[in-house]
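The following blocks contain the structures, represented as structure tokens.
Note that chain A is present in both complexes that follow, paired respectively with chain B and with chain C.
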Partner chain A sequence: MSFISVDFALFVTVALILYYVFPKDYRWVILLIASYVFYGQSGTDNFIYIAVTTVSAYAAAALIEQMRGRAEAYIRDAGKSLSKDDKKAYKQSAKKKQKIVLVLALLLNFGILAYVKYANLAIAHINLFRLTHFGSTDFIPFRSVLLPLGISFYTFQTMGYLIDIYYSKYGRERNFLKFALYVSFFPQIVQGPISRFGQLAPELFSPKDFDFSRIRSGFYRIMWGLFKKLVIADRLAGFVSGTMAQKETYRGFYLILAIFAYSMQIYGDFSGGIDVAAGVAEMFGIKLAENFERPFFSKSISEYWQRWHITLGTWFKDYIFYPLSVNKTVLRIGKSVREHKMPALGKRIPIYVPMLFVWALTGMWHGSEMRFVVWGLFNYVFIVLGTELAPLSEKICRILYLKEDDVIMKIYRAGKTFWLMSFLRLFDISADVGDAFTAFRYVFSGWGTFDIVNIYENLNLPMEDLIVAAIAIIIMFAVDMAARKGSVRLRIFSLPVPVQWVFLSLLIVAVSVFGYYGPGYDAASFIYGAF
Partner chain B sequence: MKNIRPIKKAAAVILKILLIVFLVVTLNRIFMPKYITENEDGRITQEYYPAARYSDVLFAGSSIVYSAVDPQILWEHNGISSFVRGNASQTMWITYYMIEDALFDHKSDLVCIDTTFIKYDDDFVEEPSTRKSLDGMRLFPSKINCAFASMGEDEKLADYIVPLFRFHSRWKELTWDDIRYAWYLKPVTMNGYIRDDEIGPAETEDLTYAGDPEQVISPKNEEYLRKSIELCQKKGTQVMLFKAPSLSSNWSDALDAQIKAVADEYGITYINFDRYSRDIGLDYRQDTPDMGSHLNYTGAVKFSEYFGDYLADNYSLTDQRGSRYDRYWNKRIR
Partner chain C sequence: MDRIIEILKSVHPEVDYETETGLIDKRIFDSFDVVTVVGELMDEFDIEITAEHMVPENFNSAKAIAELVENLEEE
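Up next is the complex of A and B:
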């Protein structure tokens, strides 16, 4: 069931009615049933995957807490009969056992994720290797595995929970069904955000009274998400894919335009989908974590990644970067390098080495092909360069009497970041790494025959669509700008009712009339819905 | 006083919902094709409702009917007040739902069902024709059931309930007429009849059917034919089956025999008017715009006069000339 369908609208309406009709204590049950009905629509085979994740994480969390409880009780009961060292040794031994449980659960769940995402890619590489090196045509057959809906999102969310339990960040959820709801909550299962238990559980299990203003606010957010998805992203999709498919023809200017258009497309697609998810959740009185914070206003790549897909970034930071940066081996290497007369490099190792892992994994998360890993590593390189060259940049600014907070400097930096991020996305929209470099090369050719007077003649987009896309993008940026000073929706709601109606009517007209949906359009799929 | 606030709040919510509905309905009306200068049959369905109370006889069927039966001739010649609920490629199931929709709140004296489209298979789907039949239909269960019965695999019910979903991409081709005629347009058809003055002579007047002599009416077609008859009889409405004159290339005597058997079973009449072409006086060298498939105006006049006489002689119909109907017909007559 797609977010963009009448079926989904009816589904949410029925779920909302049932949710608010039922007593507060049982409302989470309605959400659980709704989530499983929604998930079941994607294929009943998928149940097995989410069931394994739910059961294994619940059991592992229970086991970890039980082991911890037993160890604490044993030490408490033993009192002074145990020496400090014995207590420490016992604690360490118990922690080790808990770690084994944690690692087994992580291996199982990330193993499933790796299998469904990468098994066929691995088979393809093995077959190719055997063919090229041994001439063997005895190919390993591909596995008929379909990527279960939202597996990357719920696996990361659930494993984050398990790691938090291991580190005693909060107590585990004892009610299995409530835990199942945390794993499967339907608005966020398609493309996130990746919520934390500490943030989402109180929202799920402390239902609020019915309040029409929440329904209204959620509706506005859904419509805004649909505007970004249907009016911008889906309108540009054909232009981007068409231009990239014929990049030999559309070189230079047109290719750059397609690259920038893809940035708009993916932002509209992903953030639009998140807005729909957040809007639906808001109607149930549930606040989801924000996943975007005006990323195109970022002044550096590292800032950009703090504002784009925020929940994935913080997941990697909390569960990969921080543990690795305090890892004994990494610290030892850093110390050793520092002692070998390279103090500056030694200081950076606990940061840059974990960061390398984070970016390689981020690339892999985005896709199973090598181009995504290369994309991740390029991000890494640019972040490192940005950090290392920052002093030089500051020096140049001082020489040119430019101030960091000058509007021109802010625009320059935001523009530079946008350019870099857009060009890095060539790996996303190209068939492979080589294709991405070819596209990059084509950007610099074709300028000799570029005819600025007849730009439109060669553009792979009807004029009417170009105008609508341009106006919609300007509106999107204007709203993003306005959002810097607080919620745009709250400001609209404080306006006189007739003015509110003008806004709502314009939004409904924009989405229903100018949206790319209906016969001939594939509005149903979200780019991040495939992860 | 305490109770007033929730009532006010509820009223405000209801008002907001109504305003959204009004906005969507207005958009629907603007974006739906108007079928003013071409494909006028797309207007027939919606033009029926204001004419319903003056329609004692209902004709239902495909384009063969709306080009052959002229209600103005029936009125002038026999005092029969009628309406043709026909559309291009109107299948038997759409015909059934057109009748159901008409009989829901209006008592017709007689329903004449054209069976020409019974010759097609059950999987016959033609979205533009279905849309022309259904877009003007009021949002009653008949419309929803008809959409379910008619939709192709890629079609969605929502697109029929909210036509804006289907036609929104027309924003590039909207004209002032789309806004001007969004809420009202004077009838384009003559109670469902679409006049065609073109002449496209047929190459032959041979009425020997070339269709499969073994052809069997498909189950869905038969089911809806029977349902149509049963519905009329249940509502106490006289009903007859007919095949309007047409040199259709794929009709067969076998189809005639099967329809006749069904008609006999229900004790009603079935007439294939192809058999009476000479009596009617049809001349396919000048009475057709498209080599015999349909009748043009001269053909329609001949057939309507003949058919009107037959209906007046064989069914209990009131000559409404001189009644309250006069005002309506005086306005409608060309």
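Up next is the complex of A and C:
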């Protein structure tokens, strides 16, 4: 069942009615049933994957807490008969056992994720290797199961929970069914956000009274999400893929335009999808974590990644970057380099080494092909360069009498970040690494024959699509700009009711009239739904 | 406390650490800054900061950092 379908609208309506009709204590049960019904629509074969994750994480959390409880009770009971050092040693040995449970659960769950995401790629490589080296055509068949819905998202969310339990950040969820809801909550299963238990659990399990303003606000957000998805992303999709498919013909200006258009497409697609998810959740009185904060206004790539797909970035920061940066081996290497008269390099090791892992993994999270890893590593290189060249850039600014907060500097920096991020996405829209570099080369050719007078003649985009997409993008950025001073929806709701109706009607008309419902394109699918 | 503020000032001299309570929440410190500060703290106070201490609550203010250091020194 897609987010953008009559079925989904009916499904949410029924779920909402049942949710608010039932007594507060049982409302989470409605959400659990709804989530499993929704999940089942994607194929009942997939239940096994989400079930294994739910059961294994629940059991591991219970085991870790039980072991910790036993160790604490032992130390407490022993009282003064144990020395301080003995207590410390006992605690450490208990922690080690808990770590084994944690690691086993992580291996199982990330193993499943790796299997469903990368097995076919591995099989393809093995088959190719056997063919080229041994001439064997006895191919291993590909596995046929499609990627289970939301597996990257719910695996990360659930493993984050388990690591938090290991670190005693909060107590585990003892009710198995409530925990199952945390793993499977339907609005966020398709493409996130990747929630944290500490944030989502109170929202799920402390239901709020029915309030029409929440339904209205959620509806606005859903419509705004559909606007971004259907009017911008889907309208540009054909132009982007068509131009990329014939990049040799469209080299130069048109290719650059397609690259920038893809940035708009993926932002509209992903942030629009998140808006729909957040809007649906809001109708149930549930606030989801925000995943975007006007990323295209970022002054550097590092800042961009704090504002784009925020919940994935913070996941990697908290569970990969920080643990590695305080890892004893990494620290020891850093210290040893510092003591060998390279203090500047030594200081950077606990930052840049973990970051390299984060970016390689972020690349792999996005896809199994090499182009995604290369994309991740390019991000890494640009972030490192941005950090290392910051003093130089400050110096240049001083020489030119420019200040950090000058409007021109802000525009320059945001423009540069947008440009770089757009070009990096070539890896996303190309068939492989070589293809991405070919596309990059084509950007610089074809300018000799570029005909500015007949610029539109050679554009692979019908005039009406161009006009609609351009106006919609301007509206999207205007709303993003306005959101800097607080929620745009709240401001609309403070206007007189007739004016509010005008806004809502315009939004509905825009989505239904200008949304792209053309043939041959699956408006229902989201790019991030495939991750 | 003075030494902690000195370390913090070496990363972001412009912040008033006596009053600021949102170093992480307000994104005044990014992850680079946090790791730099953690490295300095470990060297200066001979303590072991591990992954489980790496939560925003421990780094949001100079006071929170001082409490973390104090707790770890006792261990």
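By our rule, the second predicted complex is superposed on the first by the 526 of 531 C-alpha atoms of A that agree within 3 Å, B and C clash if a C-alpha of one lies under 4 Å from a C-alpha of the other, contacts with A are read in each partner's own complex, and residues count from 1 in each chain.
As a working rule, a contact is a pair of C-beta atoms (placed from the backbone, for glycine too) under 8 Å apart; a residue touches a chain by one contact, two chains touch by 3 or more.
Quick caveat: nothing in here was measured; it's all calculated off a predicted structure.
Novice: If we overlay the two complexes on their shared chain A, which of chain B and chain C does A:464 touch? Say first, second, both or neither.
Specialist: first
Novice: Based on the superposed arrangement, let me know which partner A:306 touches: chain B (first), chain C (second), both, or neither?
Specialist: second
Novice: Pick one for A:508: touches chain B only (first), chain C only (second), both, or neither.
Specialist: first
Novice: Is A:65 touching anything from chain B or chain C once the two structures are fitted on A? First, second, both or neither.
Specialist: neither
Novice: Touch check for A:321: first (chain B), second (chain C), both, or neither?
Specialist: Only chain C is touched by A:321; chain B is not.
Novice: Under the stated contact criterion, what part of chain A meets chain C in this complex?
Specialist: 88, 166-169, 302, 306, 317-318, 321-323, 325-327, 331, 334, 347, 350-351, 387
Novice: Taking the touch rule as given, give the residues of chain A at its contact with chain B in the complex, in rising order.
Specialist: My answer: residues 6, 212, 216, 462, 464, 501, 504-505, 508-509, 512-515, 517-519.
Novice: Mind pulling up the chain C residues that touch chain A in the complex?
Specialist: It comes out as residues 27, 30-32, 34-36, 38-39, 42, 49-55, 75.
Novice: Can you list the chain B residues touching chain A in their complex?
Specialist: Those residues of chain B that touch chain A are 9, 13, 16, 19-20, 23-24, 27, 31, 154-159, 164-166, 168-169, 171-172.
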